[in-house]
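Below is one structure; the comments refer to it alone.
Labels run A, B, C and D following the written order; every chain starts at residue 1.
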């Protein structure tokens, strides 16, 4: 039986290349086509030596595939996705272009008029822990952002249970690969090394996505979320610390049990008993979550962490693909974290 | 005229050695004695090659000095300080042993009975921006912790002005040197590199100090502070992001102006117009502060940063010494940050 | 059919824990027992969270296995290996205890009298690229050191072909994990970060191993090797630059072709066309080799790199095990490097 | 008495900005003008926050100064220098444009025809340890490259004494700031972090400078030098390991004494008794040198280290300026290294 053919649009960014790594090691699908404008015509292994075993040439246009991943920048991705959709190709879109339900959000946060509001309605938000059943039949999956994945997974159990007031602080620390492969002064090694900083305090583009999803869990009530992302000097990893007032007094153990129950059976969520380390998920598709209660103020504190390029991007995309194709959800994602 | 003689008890930790570096380059005092039990008898420059120009032997007991810095661990520092005090030596204590006003705090947070509650009353909390006038005549200065310095400076203007509700979240990111020079698995390079984590969620020892000082600014009302410290992979630097509800609606510019007014003339505080980078204070005694208002929730967000070993420890100790000795406050602390 | 049972003695060092990671993902053997004195009785996943999926308790003594890896420190490993040998268990010894052919080397370099010179004769040096045929039937394999693997693979083709004078300089740069998991001041993050240094200039213990193996390739003539290891601030990776005079004038392309021919078909050796990056082998079992000729002096320069914990230790041990068990050599070692 | 006015052409690269930091803290000269094309019109402190205390606007053209530093890229620097020279301004050129004595070298190594061979003859190579007497009256000083400074200082004593054969291997490890402030994929944080690599094996532009200076010390005999630079993941620092055959057998102590004698009284050279760490010179103008003899092969090994932006660039430029102006050589360069 021939394997499902899959392709990657824009393989040359960090998400694209991480997808290629994961798909090349995936036993149930075959990576048959990868595109990238600037590198078109080159062998994949010449641009990325760690992929030298993948015998593919980077193309200008995607070949015939059954399912495609778009790792294009936002706005550009939407048109790629629409074209694929017309051809009947199922798509996992890694960009932000189909994550928001309201077209107005794209004007407000991304400065463009969304070309296809009807596809927004069709797209399924690709967080399997919340939308597993819809993903099986999805024709278009909007793969969540890295920060939203860490934040929503950290808060979903208590939001859904109505246990916290909708006054939420999300403080996230990201490795530099989250800024992408395009060079800039801020990601120049001598600038980023031995430095920590906050950014986007006026509002990061991942914020509407977080509010939307938490709002759905609140059954439509939009929480007041303050989200501050930070860059810290490491390549991979996001550590998120979320704070919120508990609606009624709870002990840490009660909260911990609630989380364990909520995520029971989830292959990639691990509710842990002490604050997690990004190093413990390096290269894996895991998200570790540590919920606790501040003993003095009674506030909920949740620390979550994941590898921004795996569970925060390419790994989650593969997880979504597995669900779309009816494959075991963990196929190709079994790799343990590489430590130390 | 002979210079004031100063000494360092326990020169072999990171604070002690940083003090030695600063004092050796200080034109108005003379470093004449340094102690350290394990290294007693060795030349300072043999243990710390960057200090080879300082011609001192590490002693078991402190020689005759006019003013001493104690960089001993907490609990042990108290007895050193008491002995010095009896000899009439003025002291800057870098440990936590005289930071709390209430002796009960030491039992609760440090597991020992404080040996000298009367000295607690005598000690001045060494944050010059708040206590400059008392420091001139102080015989005992309790040098603040690194986290409290960044947190209190970030919040003092709005707390004093009564502009925020006493519901405060402080999320701090520290470089690894904050953990000291004593080796441990958590600070072993392969464990700490490419890792971010939160710790002490049950309550960090710097918390009572933060609450005490903010409470004094609130005129006795103790705020509900949640403080979560994090370790990020860099050697030096603390970046603190503080969150609090504004008591009444304010614009970012109003807040910014309030901060500029509050800190006007302060030699080591710079209220900045964009989120600061720890790299921009590396090796200097500066604290950069960026206050802003979250446009969607109206919450106050303040980002502050400093070098944990300078303004967060040894530099601030020198600043305190300058005030105690009637020297210009910036003497020996003029060095610009080393960038990149 | 039941799988071959394998065990790890001293799983708690970096080589041991990396072995556990690789063996847990190896489809053809079953990891059934792991030991570690200090952690005995604990779950493997409690000590190493990234291994939480491996359902094993760390034991004080190794259970019944068909093949064992000893990751004990040198000297202690020898007695473990001898005991296993008596029980008929095949062993891959990751320590240095069976790498040298001459017992005298242990007195000279390791300060102990080797307890079993006859086993030294029996042991096969576990560099598959040189000793593949002997490894299939080996009962005891001495897994090479990380530096020797990079150095010998870099030089074997020209030494065997008699193309260089035996005047060899080997300058190696290693990540800090090569120093092991035991904490020390030199590997304390604030000391090792932003630092580069050379060490062991009086003679590193990996030198006799390098000389022995190059000497065998020279058909007994011992080359004059200067080997200087360096520590650079990264967790994983060895980059080795080797220099030697060419016995007769050669062009870079000739040398490159010689290397390609020598390593043709080798699954884990890649002769590359430009200087390799340690990042391109991170987490994989590859060794990249770039041979060239200095155009001005005519000297041979060879740059090689590998992941010190994989091809430099645990991965090579698994490769040796595969050969011993008649499995495909790459089983369990197919993982691509994790980039970036 | 008014201070000597000095200026910096192209302040916006890492050498320029480091010069500004050092000159701003230099008590005997006044930094009055800085240029930079892309940033012209901006306040220096707006581009470089750590320099906010320097009240200068970046200009398009240099103002009136007594002495200028050119931190322009090579080729462009030559014309700047020639124009300054005509105006009677003394110049320290940090570019390579006046380092080579032979104009032909510029065609061969830098691909341009040198516009002023007569100035090449006039320029003094700015290595004070070798050319101190000529520097006092120099009108044009060619500030050495970072690699050549570390390499020449490591080898000068034995080359001048005729103690080594002219068969020299120089293996250097540099932090990433050596690649400058211009962004590139190779210096993008996620690419450079956790990576080590060699580059320029076909011949680095610093090689002719090294050969020229060692040749002059050999009294005209050009040594056969192989020089391989490497990038390692740190911001600052060069560690150089040099290897050469001793012309006659020597002990390590003899060599060490020779070095101590050669560098006796040098304010910035320290001959040390164990392999030095780049961390011990971070931010200082020191060069540490450790010469030894490989006990097995009798080869000389010398390890040297320095901060590439200080002794390797801006600090050495200030040292040269001090000599040109008749100031104490260490003025403005007294800062101890910042450790850890």
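Convention: a contact is a pair of C-beta atoms (placed from the backbone, for glycine too) under 8 Å apart; a residue touches a chain by one contact, two chains touch by 3 or more.
The shown structure was predicted, so the numbers you read here are calculated from the model rather than taken from an experiment.
Colleague: Show me the overlap between the contact partners of chain A and those of chain B.
Modeller: Looking at chain B and chain A together, the chains touching each of them are C, D.
Colleague: Most remote chain relative to chain B, going by C-alpha centroids?
Modeller: It is C whose centre lies farthest from that of chain B.
Colleague: Take the average of all CA coordinates in chain C, do the same for chain D, and state the distance between these two points in whole angstrom.
Modeller: Taking the mean C-alpha position of each chain, the two centres sit 38 Å apart.
Colleague: At what distance in angstrom does the C-alpha mean of chain C lie from that of chain A?
Modeller: Whole-Å distance between the two chain centres: 37.
Colleague: Between chain B and chain C, what's the gap in Å when you average each chain's C-alpha atoms?
Modeller: Their C-alpha centroids are separated by 46 Å.
Colleague: Tell me, which residues of chain A touch at least two other chains?
Modeller: Residue numbers touching two or more other chains: 14, 175, 177, 181, 190, 193-194, 233-236, 276-277, 279, 282, 340.
Colleague: Once bound in the complex, which stretches of chain A touch chain C?
Modeller: Residues in contact with chain C: 14, 17, 21, 24-25, 48-53, 177, 181, 193-194, 235-236, 270, 272, 276-277, 279-284, 288, 334-340.
Colleague: Okay, in this complex, where on chain D does chain C touch?
Modeller: Interface residues on chain D, with respect to chain C: 169, 171, 173, 175, 190-191, 193-199, 201-203, 207, 224-226, 228, 230, 232-237, 239, 241, 243, 275-279, 282, 290, 292, 294-297, 299, 301, 303, 305, 340.
Colleague: Quick check: in the complex, which residue numbers of chain C touch chain B?
Modeller: Per the touch definition, chain C meets chain B at residues 14, 175-177, 181, 183-185, 187-190, 192-194, 233-235.
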